[in-house]
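Below you'll find a set of structures to go through.
Okay, so chain A shows up in both of these, paired with chain B first and chain C after.
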Partner chain A sequence: MNEIIKLRPIETSEPLKNLDRICDMESGRMSGKIFWDKDIYEQELEKVFARCWLFVAHESQLPKAGDYLTTTMGEDEVLVVRQKDASIRVMLNACPHRGNKVCFAEAGNARGFICNYHGWSFGADGGRLMGMHESKCYEESGFDKSQHGLRQARVASYKGLVFATFAEDAPTLEEYLGPMTWYLDVMLDMDEGGSEFFGGCIRSTIECNWKIAAENFVGDILHGGWTHDSAAKAMLGGPVTNVGELPESYSVNWNGHGYEFATDVVGNAATLGEREINKYLHTLRPKVAERLGEFRSKLIGAISSFTVFPNFSFLPGQNTVRVWQPRGPDKIDLYTWVIVNKNAPQEIKGKWRRGAMMTFSPTGVFEMDDGENWEYCTKTSRGMVTRYQDLYVGLGMHTRIDDSELPGNVFRGQLNECNARAFYQRWKDLLQSPTWADVPDRNGKMR
Partner chain B sequence: MTDIDRELPVPFEQAREVEAFLLREARLLDDERWDDWLAGLSEAIHYWMPGIENRRREDRSGPYRLEHMAYFDDGLRELQRRVARFKQPSAWAENPPTRNVHLVTNIEVFAGAEADEYVVHSCFINVRSRGLDEQHQISGRREDVIRREADGLKLLKRKILIPNAMLLCKNINTFL
Partner chain C sequence: MSQVFLCHRDELEPGTLKKVAGGDAGDICVYNLDGKYYATADMCTHATASLAEGDMEGDLITCPVHWGQFHIPSGQAVTFPCERAVRTYRIITTDKEVFADTSAESEEAELAAASPI
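Showing the complex of A and B:
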């Protein structure tokens, strides 16, 4: 696939020393240095973002051949393009002549892309070099166009979600997601038409480390009742459900992915303050039970949150989907979309679009209190003493359920930092592993 | 976009009255007088700030659409809910408060589609500061429909367009 890359890639850099001393998930301790250190961030770009499968698009964003969108994988700018054969290709949005950005629009439809600098032009069919300004002088010097093009990523989809990676040695997407697909189906496959993104993308900037946001969605409902008290009162007229008193809830994780959930059907959805949405979910639920079984039908809008490692997250019920795009150790670009069932009535889709806006978007009444917390969780680490202060991530040690029939590593209760521990452990394992083959398997072992 | 040839001027006194309405609104927001601000809205308000898309000129989708995700796409109920959060003692991110300055400029007042309505164009700069060193600035252009109702002028429609396709801060914890 990357036969056009002629230079020898730089070998994996040496892992940083002493990571075990600032991130110890056995004892549930870490330090703020992991949110602040520039060397650690550079390692993350190399060993996490240039390696993992990263979310780039939902198939519904690119319905027709030639439809494209631009996004980033880590800090690498990429083009995501629907092909004539209906496949989707992902390629660097950087010209292989002088590196200029090739496509400046966030989305559109095109037959190809032409660089503004020297007119190097590329086909939409995978970014092959087609020609350039003053092409004759290239031909006279024996230039072989077939040896140049936009560098291609590996691409794979899971039920509408398109992921890509530039790592040749990464496992398949199926292996990467593992048993977590069973849980992803709750959001992606609750209805026979599948899901779609609705209403484009809203982008904002938060001055926080990307891991703090990803960790919040991987398994921190603990903050909900406290951080979001004001939003819940505004939207529901009362406080957030007391999660600690819900009869049945779990945290599950696998290779750093995590999902915490109650079985209360519409706990998340209720915060939108739209009766019609609760009604829609309750009406749909018996059909979901036929499709996915009784257990998963209780999760379709329940109090829950999900992160696919490293930086793709969503909230069932509020139906807000986001990527925490890393922009240095102390900044993220937040891309937010709304996901709905393709077969849902248009009016219901519209209510979700507005509901996600009202709750989890830059003007959302919930997100305002999150952004503030995350920024200052990051910024306090500029202090040298603070940076090495122990941060406790030990909640829920010894809550593992070893005989659960549910997939993945299953833990009792949502008020539990087991998913955060699994997230940071995976993060550290990647930073310490020279290749994918060296990444240890922690499944069944994490507490 | 409105048809520039069909803009009908209104008498000076009326234009001045509308301008005073907008300037007072800005002051109410700076002073966190949320209920007084809500009182200046029509019950039929549509308060809309669409997300902006960075698309090519020839792309007929345009930079924003009604169906697109928005920062605000609110009726009175939604605006009241936002105000309800601001007023909660547990709105942690608002204590200490955010300090606001709303500048309103480039005000142009024209006759509206109905006899008791005005179409009003304006620009704004909103500067917010939090803590010791946080400052965020948003500027943009607004197109309002302001209507004379039984108890005075009310904001019936507002469309807010910012030039940014990405908000360069964490939130918009005010109205624009």
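Showing the complex of A and C:
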């Protein structure tokens, strides 16, 4: 009678039958159904978001013991708390009694968290259950407090970026990121100070599927010269750089992560219209070259974009960092922050914060045009015929560089859809694999 | 009169506290409040919790579990969810040692009990 019943994880659901029909990356085509279907979405929550490493915080957001913030992993509400031993714990922000949300604040410092329903009190130290209102009757029924703390996630950090996963069998974070860490260093490791978030989190809603946004950042600079022409003229007085004429650019991907980039040093940064920021990057570049090598020093603010699968993206240069938080197949909450070098002058950090708000935020001149595109990519699939039409994802099938010295799967040119193909392939692989061990390794093989 | 040894006079810094086994009386929490010693029962009157694991904030003790508060000198419950006063023990000090008299409450507690409010 006093046995604790542990709820076992639900058996992995059967893969949906039509996935190969609606997502065929070898042929470079897919259907809008992947942006619209509720069953697909539920399986994504199970097999993508409950399995992958998801970004939850930057170390700089939690300087002191007891500092916390709340965010989501997929649709799971979580608490991220700095511990006394300097580690970070991530736990479900849902009481294990009846599931009530425990903490309603966005961020703060606390000694613990108390559920409003029955007064279950959880310590800041890893969400340990400290006690309950009417504790005596629990004691009389043989209740074991140690079994009923807040459910913990696995946590790991890479150069300031804190990730978490609820999958016990997921690879380590380093394995998960693979060779993409070489490229992440371009933003996270320019100098010995590393990076920090500057300013707060801006949250907004876009009525689009999370994948269309994540895919845009994983490898779509193709849209830049067309979608963003008017915004570029407003910010720079001229059109977007003619990306097609840049002498050197690449698309790189690995296990669904992707980075497309030119080597023009400040192409992205320049869109903020702040000469001082361009000057800061040019001045810093020799130091970065010493630290990371000549090649990577040319990337620090270049025309580029990056997605860490599934839904963490950023733009070097504009320094905007974001998570596309899924809220149903046709909606995301966009959480966005600004990242800067710790050692950058205060004034430069301020210019970056304002610049990112002017370009990539709910009022951002670039973001608003992206948002409209993505909403309509999603909404047209309301129509049954539209939902099944073939969508072309075939650009750049011939561009793999087999003998590149660069890490990862390397392709020629950033005007390319190879990263999108790799992203959707990884998505499909996860939906079709019962466990992590079953997920295929396609590195070196995809076009 | 039943006496329980609590600590040496120079053992606790001001603003610190300690749990002591009280034998028949149960666990006792001893406090150094600005150089003066006080003692209360260690068990919170609201739910199972050790006050000695809480924080002294001014002349209040904050329970670590639901953050309710008692006034240390008188044991009066001050903050939700604490409603019932916590038992206090009169302090007896010698040259070097601090004891609790488990048959008497603190002077402050007696004053509070006598008050019409």
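What we mean here is this: the second predicted complex is superposed on the first by the 442 of 447 C-alpha atoms of A that agree within 3 Å, B and C clash if a C-alpha of one lies under 4 Å from a C-alpha of the other, contacts with A are read in each partner's own complex, and residues count from 1 in each chain.
To be clear about the criterion, a residue touches a chain if its C-beta (ideal position, glycine included) is under 8 Å from a C-beta of that chain, and two chains touch if they have at least 3 such contacts.
Keep in mind the model is a prediction, meaning the values are calculated, not measured.
Contacts of A:131 after superposition on the shared chain: chain C is touched, whereas chain B is not. Looking at the shared chain after the overlay, A:121 reaches chain C, while chain B stays out of its contact range. By the document's definition of touching, of the two partners only chain B reaches A:227; chain C does not.
By the touch criterion stated above, A:54 is placed in contact with neither chain B nor chain C.
In the superposition on chain A, contact is made by A:338 with chain B only, not with chain C. Number of chain A residues touched is higher for B, counting chain B against chain C. Within the superposed three-chain model, A:361 lies in touch with chain B and out of touch with chain C [touch as defined at top].
Applying the stated contact rule after C-alpha superposition, one finds that A:375 touches chain B and leaves chain C untouched. Chain C meets chain A in the complex at residues 46-49, 55, 64-67, 81. Looking at the complex, you find that chain A touches chain C at residues 111-112, 114, 119, 121, 130-136, 139. Against chain B, the residues of chain A that register as touching in their complex are 104-109, 199-207, 227, 229-231, 233-235, 273, 333, 336-338, 350, 353-354, 356-358, 361-363, 365, 367-369, 371-373, 375.
Contact residues of chain B toward chain A in the complex are 49, 51, 53-56, 59, 61, 65, 67-73, 78, 81-82, 84-85, 88-93, 165-173.
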